[in-house]
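Look for chain A in each of the two complexes below; its partner is chain B in the first and chain C in the second.
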Partner chain A sequence: MVATLVQLIINGLLLGGIYALISIGLTLIFGVVEIINFAHGEFLMLSMYASFWLFQLYGVDPYLSLFMVIPAFFVIGWATQRIIIQPIIHAPPLNQIFATVGVSMVLQNAALFFWKADYRTVRTAYSTLSLKTGGLMISFPRLVAFVLALLIIAALLIFLKQTYTGKAIRALAQEKRAAMLMGIDIYRMYRIAFGIGIACVGAAGAILIPIYYAFPTVGALFVLIAFVVVILGGYNSLVGALIGGLIIGLVEAFSGFFLSPHLKEAVYFVIFIFILLLRPVGLFGRA
Partner chain B sequence: MKKSIGLFLASLLVSLLCISPAVIAAEKVKIGALFPFSGPLALLGQESFNGATIAADMVNAKGGLWGKKIEWVKGDGVDPKKAMTECERLISVEGIKLIFGTYSSSRSYAASEVAERNKVIYWEQGAIADPITERGFKYLFRTCPRAGQFGIMAVEFAKEVIAPKLGIDPKSMKVAIMFEDSLYGTTVGSSAAQHALKLGMKVVVTDSYSHKTVDLSPVVMRFKAQGPDVIIATSYLEDGLLFWRQAKEANLNVKAFIGTGACHGMPDWAKTFGDEANYIFNIDPAVGINPDALNPKTKAVLKEFQDKFNKKFGHLPATHASLGFVGAQVLFEEVLPKAGKVDPEAIRKAALTVDIPKGGTIFGFGVKFAPPVHPAAGQNLLAHPALMQWVEQQMSVVYPVEFGVKKPLIPLPTWEQRAKGETSFIQ
Partner chain C sequence: MDMSLNVMKSSWNPFHPRFYFPLALVVFLFILPILPQKTYYQDLILMIFFWGTLAAAWNLVGGFAGQISLGHTAFFGIGAYTSTLLWLEFGLSPWLGMFAGAGLAILVAIGIGVPCFRLRSHFFALATIAFAEVLRYVASYWRGLTQGGVGLLIPFRPALGSFMFHGKLPYAYIALGLMLLIILVSAIIRNSRFGFYLVSLREDQDAAETLGVNTSRCKLIALIISVFFTAVVGTFYAQYLLFIDPDSVFSLPFSIELALLTIIGGLGTVIGPIIGSFILTPLDVLLRGWLGGISAGLNFIVYGIVLVVAVIYFPRGIAGWLKTWYEPLLNRLPGSKLAFAPGGTASSPPYTTRATNPGNPDPPDEQITAPLFKAQSLTKYFGGLAAVKDVSFEINQGEILGLIGPNGAGKTTIFNAITGFLSPDSGRIEFRGKEITDLKPPHKVCLTHIGRTFQLVKPFNNMTVLENVMVGTFSRVRGAKGAREEAIKVLDFIGLLKQRDSLASSLTIADRKRLELGRALATKPELLLLDEVVAGLNPRETEEIIKIIRAISQQGITLFIIEHVMKAIMTLSHRIIVLHHGEMIAEGTPEEISRDKRVIDAYLGEEYLA
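Right, the complex of A and B next:
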């Protein structure tokens, strides 16, 4: 029984790591640009395809493809902000929502058109590798996802705390008008923040492709949980996204095992609502 | 004079208008074809209809029905709502008395409601949801098997083949059942669970889950904790793939794994897992049964169907086209000749007298429709799917035994054995 409990904790934490990984970029965009990016799942889908094709056509290992996917998705994010989001940055929130929903539709259908509805995955030697210690199984690719999620969060925190650009982005998130008065080029910062956000989800796609499958609507499977995690964490806190992801992962693992796998989504939503009742701004949000 | 010519022409025109539809109707036997011809299900909807057209071609080549050629009047059931309005149109505008369809269960369920209300025959060839024939309809007939039978067959196979092979009593055999929680999975999974309990097997765990989940490790762990001999699974593609992957990660080993259609019958399943998809069982209506199980006449029909289909469409018919063919063939060769005309009452009476024994359709199953008082009114009670096994990217029929082209390979190798390329099949 102890072994089972430990295994459940491992499974929950590893799953939570994946949720956190996907939520980091969303948190950043949500917190800084104050745009609810409904196309987040589709950017994840695109990056999964990117890693898949790099592997399929050029034999690039998915983890190695990170070095190509991250810069490419930074540029994609930057361009998306410049071309689609920037012109509507002062529009009512509803218009912004429809713009990002539109982007998500276009990307989904483009993927369907170009790559069909087939399920694509990368079969590497480590895809289903498990590290076995004392009767416990630790999935290697999930462990990698977990560690990389922590590393990305650490790197982002250092960037935000230590560099001028990072400080400017934080200033913008805290008080837009004051940031403008201090001479910060807010549109440039928005573009950088959006670029970093999309680069993060790009990284997530490359890390997930050995575990999951790329298909045109794969983003929808993850994006709802990502929104839950972001709101639970307090919508602009990276540490909050990590803790939120881990909580949801653990709740799923335990409720799925002890109650029923088909109730696990219901259970985490109940806990989510309960936490929001106690702390309406989320776990790490500022009141 | 001018006036009388005008009158004459007008009356001629009127009489032409009145007569011409009657004349055309007298030359053709018009049958409605209601399928999703466009939209997301168009591919398999069209394929099902293609199979049916071959049956019509074969009858027409022999002079048609009562000396008249069969003609299809198409209705496009893009979605359930459209299927209803198209059914309505076929009946009221085209004057159709017999509708053939639909492949998709949700469309069939909706459209057959309209047909029943209008006392028009609805002939279903490929939609498998159980509730379609659970409404006590009088004008609805279905030639293909029902989803619930997939679950029952999985349990029967475990009892009749797997248990003796492993040398264990079926009553002490541990069965784990998993299914995705939409209508499809729930129907198949719960019928498997009920049947296993009825036979006194040990159902150690029954788990349902949303097919949209991104983590099935709870299911894997619950199964592992109970150590089942057999897993019966009803999955869509993404969850089926996820489960098998996580089963490997967690080193979950069972003696047999039986999928019941969808995921485990798709080429994507075998393509994704390669050798790791080997020796999994799957239940579906199967075209590849042993031809020796068919009676000589049906054997010849199968050959003719395959040749004609290949010639017309450029590839061999798969399951859906074959279902369409069987549905249409039973209708054109057994029912309509007996009915004598396209009249719903006559067709109903004729259909209820149909009695084709085993080996009499190209799927090997026979045809006998349940009467209106039966809980599955209008269902072909002799229809059943077949059980196949994956070996090297190919599925071969292994059960029912007389339909099998290969012997089942049991037990499933453990993940350790798979890694070494070993097997330990019981002869």
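Right, the complex of A and C next:
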């Protein structure tokens, strides 16, 4: 029983690392640009396909494809901010919500159009590899995914703490006007923040493809989890997104084992609703 | 004389285009379903009515009240499943099941709405998605009840009682009836107090509250009406297709489509969603026909692009644009020269500032000899910082009390504590001898006849000046006609009558301050709290506002004023209290205050004496 519990904790945490990486991009975008990117899941889906095709067509290992996916998705995020969000940055929430909802519709259905509804995954030499110690089994690609996710998150946090651009982005998230008065080009920072947020979710897609399937609506599945994580962690706290991701990973592992894998979504939403009711700023958010 | 003020009359001239043109449109709608021979086109017309009704229902919440629901599919699904299950299991006629479904959907909506309406707009949208997803899981996994993903098939047994008919026409007319009903409901709401309240809370919730709008209740009522129609149409859908499954009635794209139709047609307008349906539903059918053959999903790509382009470049939709030629068209039609509403256009007699008494409260209670307002030992902490510490003061009937102090002294905190935006940590607030210390939310305070303005003015930008003030007058006049008349008096009094039909967003800063004042005055306060109404104005504008404030005072309204402009506060106030670091450091007449050593040190500065 103890072994089972430990196994569940490991499974949950490994899963939670990826959830954290997806959610941290969403949190960064919300914290800085003050919009919820309803197309976030579709960017995940795109990057999963990107890694898939890089592997399928050119034999690029998914982990190696990170080096292409991250810069490419930064540019995609940058462009999305510039072309779609920037014109409506001062518009009412409705316009902002439906702008990203529209992007999500286009991307999801474009994927359906170009790549059909087939489930696609990458079979590598290490896909089924796992480490076995003391009755525990740790899937190698899941472990790699977890480590990479944490490394990327750590790099992001260091970037935000140490560099001028990072500090400017944090300043902007705290007080827009003061940031402007300090000579920060806020529109440029919005583009960078959006770019980084999308690069994060892009990276998540690349490290997810060895352990999961790509299909046109895969993003919708993960983005709902990311929403729960963001609400749980506090929508303006990056550390909250990290911890929230790990918690949701654990919840999924445990509810899958003790209840039913089918009910895990229902469990997320119950958490979601309780957080909204009891602590709308999340566990680590500030009011 | 402005026509817009006088169109609401009981007897209409049937030969005026304003009457016969809309009537002709309705007649056209009734003929429309029998025009085509092919059932394909009958189905198309039916779907236009179907989507128009749903979009108009969504518009009540998303457009008028500005609460963006992405979960309306949940209510549609509840309506469809409830009536279908009641019919299949118990043989209950779907006509009755329809109301059972609507009732259940309303209960769920209340359960969702009460907690979620507290959330900021983006999160409200998110929460509604989550709730709709939960219901989809319930429908998918509660197989014993819903047969899960297999769906429910309704055996075709045509009869009136079973809500099943041969051919499409009966369904088309039911859908048309629903659509006309929701248009009527929307039109009534738009021109009523409730409609004004919804738009005002969409534009600025805090400002709406201070004008006496119970924003939570208004949002909930709008949601209930919207959900009722959505669930009823859900039953209609089940009876028309005779098959439902979780993926078709609980789908996110469904919720988005309602918004899309409304945005394209014209958000927050009565006919916008209908126009949206008339344009997009045929487009949808065509696209499915043309593109669906090539590949699934291509029509949604087009929708997505249309949606993005629309919210970025055409957020006002088609209805906003139609408006610009609807009136000229009416004027060109025969009969436009006739008087539309016989009975004349009796204009309200001209008012002068002196002659009017718009803000005059009910005559004060004879027995009240105690001060009108009393604050005792008010204390409010933010974290460890005392914003207001042990502050006590009184305001007498008819007095003008000034409140001054350096920035951060706690002045606005006191206003917020009085008007129900904050609860003081300790202390007691009394108004007309009644305790109102923890009276919340702010609309309740407004209804006790305490009004306020905000330091940073909060106009309802997308309402006209007149409509802004009407939100205030509605707190004491129920009917739109009376509220309009009262509002005009107020506008005349504050000198904004000429701008009454301009959008509030187009006003200058000085006029916005007047509007803020006028709106508060429109609620007929006995005590009016003014937060820096002359800040940022030039000397001439300041002079004019001071005149208005004096006139307000002469009507017997008690005033409590925060101000940094010394000339204004010193000439206006009968008495002044001074705050410094949250504590009251002085109280007295303007002369006493200006000589008080501590006040000079803390606030006025040495040069003030010179």
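As a working rule, the second predicted complex is superposed on the first by the 273 of 287 C-alpha atoms of A that agree within 3 Å, B and C clash if a C-alpha of one lies under 4 Å from a C-alpha of the other, contacts with A are read in each partner's own complex, and residues count from 1 in each chain.
We adopt the following convention: a contact is a pair of C-beta atoms (placed from the backbone, for glycine too) under 8 Å apart; a residue touches a chain by one contact, two chains touch by 3 or more.
These numbers come from a predicted model, not from an experiment.
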| item | value |
| --- | --- |
| Residue contacts on chain A - larger count, chain B or chain C | C |
| Touching partner for A:I36 - first (chain B), second (chain C), both, neither | second |
| First, second, both or neither for A:I84, with chain B first and chain C second | second |
| Which of chain B and chain C A:H262 touches, first, second, both or neither | both |
| Partner chain(s) touched by A:T4 [first = chain B, second = chain C, both, neither] | first |
| Chain B and chain C footprints on chain A, overlapping residues | 220, 262, 265 |
| Footprint of chain A on chain C - complex, ascending | 62, 66, 68, 70, 115-116, 118-123, 125-127, 129-131, 133-134, 137-138, 141, 252-253, 256, 259-260, 263, 267, 295-298, 300-301, 303-308, 311-313, 315 |
| Residue numbers on chain B that touch chain A, as the complex places them | 181, 207-210, 212-219, 221-222, 225, 237-238, 241-242, 245, 248-251, 268, 272, 274 |
| Touching residues (chain side chain A, partner chain C) in the complex | 30, 35-36, 38, 84, 87-88, 91-99, 101-110, 112-113, 117, 216, 220, 224, 227-228, 231, 235, 262-263, 265-266, 269-270, 272-273, 276-277, 280 |
| Chain A - residues contacting chain B, complex | 4, 7-8, 11, 15, 18, 118-119, 121, 123, 127-128, 130, 132, 137, 139, 211-213, 215, 220-222, 225, 252-253, 255-257, 260-262, 264-265 |
